[in-house]
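Heads up, the next two complexes both have subunit A, just with different partners, subunit B and then subunit C.
What follows is the complex of A and B.
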């Protein structure tokens, strides 16, 4: 058993705000897949917001503190050494906090003062390792192990894997990536492609897999976000995809909602379905659509899944 | 130089298969033109140098200097170059060539939208990007009270 395989069997689970709100399907399917694969998720106790976008725009150091508190609870109150965050925003912010605390004295000072004031142990860089749900499944079960557990192959399903912009950027906060064979690539990420291929899917060539979806721009210029999303969806369809697989709740919500808005605002109808990669893996492992929250998606994929024999 | 709106309109015509046929050269030039706009509004002269044999890659490097969030479109530029190279291996009248041109137009369109978006809101591409009201200085309270 490799170090990571053993280390990631039981991880502290940090769902973050999105997975308790707009992305309950991602939370449901992540837990269901973990259970089906025999992996342990232990929720971080009394977790807080990672600082997301709002706090960071006001004071980046507060965001560093908020993310550090989540890691501190996992390390100092739960005695865990791995935090798994399925949300790209949470994952990104915890990695960024880790980087800042390792490299910036001022960040350490601010976090120390705030932690003392809040009455909890100060997080020290290196106490935990933050990983994404993709790392968690890939490094414990792997493509081979997943292939062996598939009960309902995704065979015939053409998938465009969409990673969004925060999973790989900026490179310096992900020192484990771009480390050669077996590691994730920041320019052409492939972990989601690898897992879904192991589950039987056909991955299409998708050149916009890390392109910006417009994200929070949706509040200040909704039309721009709709156009960015529509272009991503059109590229996926031009590549022949039935489904865009996602691994970020912000991207997922954006794709689903702007797909509908594109039809209403610009009269452009598109057909590709938006599904979390954990939902697809759950279906491949033989879980029922409801178990992985297919009914909770805005994008109605049940017809396609029935047609493909997956529901 | 074509404006961003003209570039967007031309690319929309190509994507929806209206208007004049296109070529890999035209689509690569669209990408270069977008970056020229970005660099020009930053008060610099767009470079004529090449990086790895392509001007668009040199322009991207110039555009990203001092603004790491501009790297959010680095792979988009590289994908344009990849498809340009792919087109040089394909016969123009084949389905594969038409598919590749269509994809190139979609990639160039992302560049227009992303860079156009960044010219409105510099934070685009920098997680999570805008929260525009927080950055805006409100000079006229009627903008808020009338809303």
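What follows is the complex of A and C.
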């Protein structure tokens, strides 16, 4: 644990396209929390899209190359050994590229060829470790450290922690998970629960932690996505949650969009608020709502936060 | 054969005769419900290989039909006709006509990877679903699904600029699938954003959607990816004998004209 604590103090930060577009609130709050905790983020230079969920459907190896380029820049041009990606999609794709480059000769060959033509060093598996924002905060500050730094407890806020698909599935690309006590679980993840509990929140019993929001078809098959999102939102509300905490920009905007779409198209009104976990941690650390981008969310949670004494 | 569980048989395969006498015995009504005999003669023996030649389909041969994929499937919980195990069975046995009955469904896979997580044989059923949807389009059985159009719009933008600007992707996608941009729920979302966002932020977003963000020094990488993609697509066409099929169709058309 201690070597990670030192290793993750300064990491290469890979925000990805969504955090520059629809998820500026996640970017803002991640940076603000890092600053408040005294952790160092160095942006990956000239990064590119990881391929998201779309490019692999055209060709999976192009996606592997795209993700490898980001890791190559961090390792070979910035001399970093950790890449931190808060977006589940980026995190997933970098992990998948790492796995493929370690285990598949064909992927290594394609990535080598493309990197050479593109004019940069080829990424070799093992050069960097890719971590999620959850790992980053948990392994540096930890639950105890976070608890000590809380200025504004999330006490009384009932939270359903929603992790989504890409943080845990498929299992084989996350060799560090499911390794017994202290490691993350792919069937019942708990890192976000642990951090928010340390910040004073009440985590409700929420069975759909890793259910799918239909993010892949949010525009191309919107009715399907609305149904899937409604399952998640209704389960959270049934469990008594005020807030669904998110850790993925696709899940987050999917929940926000389809909460509205459900009301417009199916007349189903739901009340639960959608907030990034980094926003919640920032508030607990005493940051003002604006500093963590509460105003940039579509889901308007300001009233609830005021009611709970957090804004 | 008289049957009782009609719900298990497709309607078009059931014959009911209101009045039927066989060998002097009246078997009208309930007793005259018959299942049409069915003979399959049009196996596509190449079907499994064709799917395996497309990205995602590589490991279809590993399947031993346990059904864990369908059991864990997100879409199956909403639409029971969405059945990856069954489709893998049809592909492996070459039952192309049967598979085509579900051609409008297969693309609806949401890539949640519950199946990949559950699969004890590492078939990667999620990849098989994508390969199958792709195969249906390449063979001309279905028009491009909205999902494929989205993937293409997205990939084109990444190859061109290295990054994605979501507003631009959204507009191009809605344009290409002939949907209006100002859908009621998109308008509602916009309104909610406007009430809270400061002006500075909105200006920044406005600029972002006009001047797409771009990765510095991307042009060589973009060109290399494009070249690779073209090579791969030529390979897929070859694996599915598409050029041959097109030539045959053209020949047929010319001979009809003569």
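Keep this in mind: the second predicted complex is superposed on the first by the 310 of 311 C-alpha atoms of A that agree within 3 Å, B and C clash if a C-alpha of one lies under 4 Å from a C-alpha of the other, contacts with A are read in each partner's own complex, and residues count from 1 in each chain.
Criterion: contacts are C-beta pairs under 8 Å (C-beta built on N, C-alpha and C of every residue); 3 or more make two chains touch, one makes a residue touch a chain.
A quick note: this is a predicted structure, and the numbers were derived from the prediction, not measured.
Participant: Answer with clash or fit: subunit B and subunit C placed together on subunit A by superposition.
Facilitator: Clash - subunit B and subunit C, as placed by superposing on subunit A, overlap.
Participant: With the two complexes superposed on chain A, say which partner A:239 touches: subunit B (first), subunit C (second), both, or neither.
Facilitator: A:239 sits against subunit B, while subunit C stays out of touch.
Participant: Of the two partner chains, subunit B (first) and subunit C (second), which one does A:264 touch, if any: first, second, both, or neither?
Facilitator: After superposing on A, A:264 lies in contact with subunit C but is clear of subunit B.
Participant: So, does A:89 touch the first partner subunit B, the second partner subunit C, both, or neither?
Facilitator: After superposing on A, A:89 lies in contact with subunit B but is clear of subunit C.
Participant: Could you say whether A:211 touches subunit B, subunit C, both of them, or neither, answering first, second, both or neither?
Facilitator: After superposition on chain A, A:211 lies in contact with both partners, subunit B and subunit C.
Participant: Go through the superposed model and pick first if A:169 touches only subunit B, second if only subunit C, both, or neither.
Facilitator: both
Participant: Could you say whether A:177 touches subunit B, subunit C, both of them, or neither, answering first, second, both or neither?
Facilitator: neither
Participant: Of subunit B and subunit C, which one touches more residues of subunit A?
Facilitator: C
Participant: Given the touch rule stated above, what does A:54 touch, subunit B (first), subunit C (second), both, or neither?
Facilitator: After superposing on A, A:54 lies in contact with both subunit B and subunit C.
Participant: Looking at A:228, would you say it contacts subunit B, subunit C, both, or neither? Reply first, second, both or neither.
Facilitator: Both partners, subunit B and subunit C.
Participant: Now for A:69: first (subunit B), second (subunit C), both, or neither, which partner does it touch?
Facilitator: Second partner only.
Participant: Superposing the two structures on chain A, identify the stretch of subunit C from 1-9, 19-27, 73-81 or 235-243 that clashes with subunit B.
Facilitator: 73-81
Participant: In the superposed view, which residues of subunit A touch subunit B and also subunit C?
Facilitator: 52-54, 56-58, 165-166, 169-170, 211-212, 214-217, 219-221, 224, 227-228
Participant: Could you list, by residue number, the parts of subunit A that touch subunit B in their complex?
Facilitator: 52-54, 56-58, 89, 92-93, 165-166, 169-170, 187-188, 207-208, 210-212, 214-217, 219-221, 224, 227-228, 231-232, 234-235, 238-239, 250
Participant: Of all residues in subunit B, which touch subunit A in the complex?
Facilitator: My answer: residues 15, 68, 71-76, 78-79, 82-83, 99, 102-103, 106-107, 109-110, 113-114, 116-117, 120-121, 123-125, 127-135.
Participant: Which of the residues in subunit C come into contact with subunit A in the complex?
Facilitator: 55-56, 74-75, 78, 108, 110-114, 116-117, 124, 127, 130, 134, 145-152, 154-155, 158, 162-167, 170, 173-174, 177, 184-185, 188-189, 192-193, 195-198, 201, 208, 213, 215-218, 220-221, 223-225, 227-229, 232
Participant: Once bound in the complex, which stretches of subunit A touch subunit C?
Facilitator: 17-18, 20-22, 24, 46-49, 51-62, 65-66, 69, 110, 113-114, 117-120, 165-166, 168-171, 186, 211-212, 214-217, 219-221, 224-225, 227-228, 256-257, 260-261, 264-265, 295-298, 300, 302
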